[in-house]
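What follows is a pair of complexes built around chain A, which joins chain B in one and chain C in the other.
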Partner chain A sequence: MEYHIENMEGCRVVYLKGDLDLYTTVKFRDIIGEEGEHSDSNFIIDLKDVGYIDSCGIGALLFFFSAVKKKNYDFYLTCLGESVFEVLKLNQLIKFFPVSESVSSALLEMSAKGRT
Partner chain B sequence: MTVMEYFISARFLFISFLVLSYFIYKKMEYSPKLNLLLNGLLIVLLLSEILSLLGLSYLTIMLHLGFIIAISVLSVEFSSTRIRTNLFDDAAIIILCSSVVDVAFKVFPFNYSFYLRYLLIGFIAVYLIRNLIRDNRIFRRGESIIFNYCIIPVLLLYHLVMTFSFVEFSFIVILPVIYTLSLALGIISVYYRHRDLRDIIKKQSDDIALAFGFTRTMRNEISSSGSHLKVLESMLTSSIRAISADGGAVYIFDDNLFLKKVSDSGDYISIYEIDNFRNERPEHENVLTESLANGQAFYSCDNYKDKRCEVRKYSRMELLAINSIIIMPMKTSEKYYGVFVYQKNRHGENFSDSDYHRAETFADFAAIAVANMDFHKEILLKNEIEKEISIAAGIQKKLLPKKFGLFENCIVEGYTKPARGISGDYFDFFHIGGGKLGFVICDVAGKGVPASLVAVIIRTIIHIIKDRISSSATILNYANRGLTGHVGIDRYATMSSLIIDGNSGQIDYSNAGHHPCILCRSNKPEIEEIEAEGFPVGITTEKKYKSISLYLNRGDRMLFYTDGVSEAMNTDGVQFSVNRLKTIVNDCRHLSPSEIVSHIRSEVDRFSEGMPQHDDQTVVLIEFLS
Partner chain C sequence: MNRFIDIDSNHILFKRDNMYYKEFSSDYSLIRFYTHLIMQKAPLEIKEELILEQQISELIKNAVQHGNGCDVMKKVKVWFSFSDSNVRLIVEDEGDGFADIEKWNKFQEERIKAFSSCDFSKMNEYAVFKTERSGKHDGGNALFAAVQYWDAGFVFNSKRNSVAVGKNILTRGESCFIPA
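This part shows the complex of A and B:
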């Protein structure tokens, strides 16, 4: 799994690429460790290039979400592919995570809430 | 010529030398082709002499002619089999000429024959001188030694003796001396060549002995402490002895990537750059630290002459106190463990290229040995963990329902198959009074030991509260409260709970993010899914779970499963899918619940054959009878 991070309008946007499963979650948790613990900002996780996610991957997203929420910052998942969407829908977590169509729409939603 | 005259003549002495040479050459046994030529030549010359003495000149001629034919045939034979060598060609041509001259001499005993023999003597002499002077590299080869020192001089002397015998000029002393000298020179050359070989063999034997001793040390260490220290110490002392170093040390990288000296031996002079080296430091002070950083060997034959060791390039003076140094990295293709350092401190004593290569071999051997020890330790640890997991799996198995069959007018059948010995899947069914049967199935996020611990927590919660369960939602609410905030949010679990009234067929069903239950009505051709809302347990307590209620008829079947079944993949990356499960349930209405469960298991196994099981698999089928 690859990733890169951009700062957009005071928000950290994490672009993930590859599968998010048991084997790659360790790396994703490293990002969480570095970002979620030390960065005080809103987060957007872009899942456009994530082809497959399993329960471990969802667990890591929940962990990240929880860490950001604890600091009272906003968290969005964006650009969910069909496979990721189906898994989240099946687990009914699609209603739990704030989800937006794109990074720009997520930024707009944050802006509307006065978060940026 | 009387018998006495013959015995003191050069020809007799020469023949004696031929006999002696035959046995000497026979012992040498170099190239079979040349040996054949040489032995043939000696025998022909010997027989020729005997036949001449007996006055049987025509037989001598026949003998020589036979020899000429034999050499010609052999030349053609070797050419066709592509094993011909230049040396063999040369030998064949010269011997051929020699025999032709002999035949000519016997047939035409005139002055012209003498001239012909003189010509041949000159030709052979020039050929010999050319070989000795010009072709020095080839000359050193064993076969060439035989050829240049034995065959050519034999022929040369033979023709000289034959010539001078006829002109009644005896070389009774000079010829044997010359011949003896040339033969001795040849034998000495062979001896020296053998001596080099003996030295190489001795060194290799020493190395094998060292490697054997080192392997024994490694074995002892693996069976006792498993520490690298003794192994590296053993390798250091062995290698110091092997390359005759005055002193040496072995360093390995510690956790902070600093080189740490683990052992030194002999007169070892510490070097600042090595003692304070840290890998991954971006800047390098000099060529030495650069070599260390790149994992390259540093070899200076003579530090006084080596420009890399000049004081102005080095801030330190240690290298000038060391006469010659080898720094050899100890690394495999995967890991850079450290370095071996060897020093020669006495003036005039330097390491050779051969020492460098031997040090390289020792360092490579040590690196592989250390890597093998690490690998062995990993295997031991893995075996230990697997043993513990196996015990845990046994305990977990005991926590699952012990028997299937008829409970409260329902037949329950199922199986669970862990992906890693121990499972994050859990299912259970239990009487809750009033003719009702409770049932749960859950799938904890992740796999292995952490997931199984959460599964055990859920089971414990359910067994504590099972006597006061009022609805299926109660089960999920209790489980959710027990988990949320107590285990990590990433250890959530999807879960379904069900209460069946065995008398009325009423079911109470709740779901926490689990796959919807597949319902196969006995009186309807289509397959249904029972869906109910709810987040997985362990995430939030803000929302309570709700139950939905419906009735089952006689023969209705409910199939519960975890995603390890529906997402089982085949070698093409295709998932087994919920639709396949539905199809099996629909197509197998005529089978009993236990037969359907067995069929599902075999179908999933067959579908994912050749692929590792990536997730725990659980299937439970409930059929209502009443």
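This part shows the complex of A and C:
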């Protein structure tokens, strides 16, 4: 799994690429743990280039979502592919995570809520 | 659709006739490789079934990690079959069995209510299921998706160390091979 992070309109946007699975989750948790702990900002996790996610990956997203919400910042998942969407739909977490179709639409939604 | 875990060693899903068989050591680093080996037997149209590979991997991971504690001396046994209209697997480990099935089903009952309410704090409370045996990196969410995905049943044997699952693939308007 690869990643890069950009700052956009006061928001940290994490672009992930590859599988978010039982093997890569540890690395992902390290990245986001560091980010969640030290960054005072809203977060967007862009999943456009994530083709495979499993329960460990979803657990890591939940972990990060919870950390961001505790600090009262906003959080969005964007660009869900078909299989990521399907897994989130099956375990009903699609109702739980704030989801937007693109990074720009998530930024607009945050802006509309006065969060950027 | 039954969205709970059943316990029934005599369930039709435990019939092993005409199924392929493979056994693996409980090596965590090879879980996705084992899944690929199983998927090799699937017809092309089944291989394309969205998230099938992921769901099979979750079953093997549960057996390797929670059942056998990643002890490479312990085996995971897998019986499996694929056809144009269905997928069946039986995954058995050498562990003590999933003791918390009743607790999980009760949690699931409350979770369904919480997610029906769309109340964020209630959903947050029921987002993941963890026990004393859960690891730091356990997602705690695999079974919620599994009981939905395996629509022909998700059944443990009475020793609770073997799970049988079935999935109906209804791409051509066929009827289900096992009533859900």
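What we mean here is this: the second predicted complex is superposed on the first by the 116 of 116 C-alpha atoms of A that agree within 3 Å, B and C clash if a C-alpha of one lies under 4 Å from a C-alpha of the other, contacts with A are read in each partner's own complex, and residues count from 1 in each chain.
Definition applied: contacts are C-beta pairs under 8 Å (C-beta built on N, C-alpha and C of every residue); 3 or more make two chains touch, one makes a residue touch a chain.
Note that the structure is a prediction, hence the values are computed from the model and not measured.
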(message) Let's test your reading of the overlay: on chain A, do chain B and chain C clash or fit side by side?
(response) clash
(message) So in the superposed three-chain picture, is A:55 touching just chain B, just chain C, both, or none of them (first/second/both/neither)?
(response) both
(request) Check whether A:96 is in contact with chain B, with chain C, with both or with neither, and answer first, second, both or neither. (result) both
(request) Count the residues of chain A touched by chain B and by chain C, then name the partner with the higher count. (result) C
(message) Quick check for you: in the superposed arrangement, does A:40 touch first (chain B), second (chain C), both or neither?
(response) neither
(request) Have a look at where A:86 lands relative to chain B and chain C in the superposition and call it first, second, both or neither. (result) second
(message) On the A-aligned overlay, A:22 touches which partner chain: chain B = first, chain C = second, or both, or neither?
(response) both
(request) Of the listed stretches 9-17, 297-305 or 531-539, mark the one in chain B with C-alpha atoms clashing against chain C. (result) 531-539
(message) Quick check on my understanding: which residues of chain A belong to both its chain B contact set and its chain C contact set?
(response) 22, 54-56, 58-60, 62, 66, 90-93, 95-96
(request) Spell out the residues on chain B that touch chain A in their complex, using ranges where they run on. (result) 443-447, 488-492, 494, 513, 515, 533-536, 539-540, 563, 614-615
(message) Considering only the defined contacts, which chain A positions touch chain C in the complex?
(response) 21-23, 25-26, 29, 52-60, 62, 66, 82-83, 86-87, 90-93, 95-96
(message) Under the definition above, what is the set of chain A residues touching chain B in their complex?
(response) 22, 54-56, 58-60, 62-63, 65-66, 90-93, 95-96
(message) So in the complex, the part of chain C that touches chain A is made up of which residues?
(response) 28-29, 31-32, 50-51, 53-54, 57-58, 61, 111, 115, 118, 120, 123-124, 127-128, 137-142, 144-145, 148-149
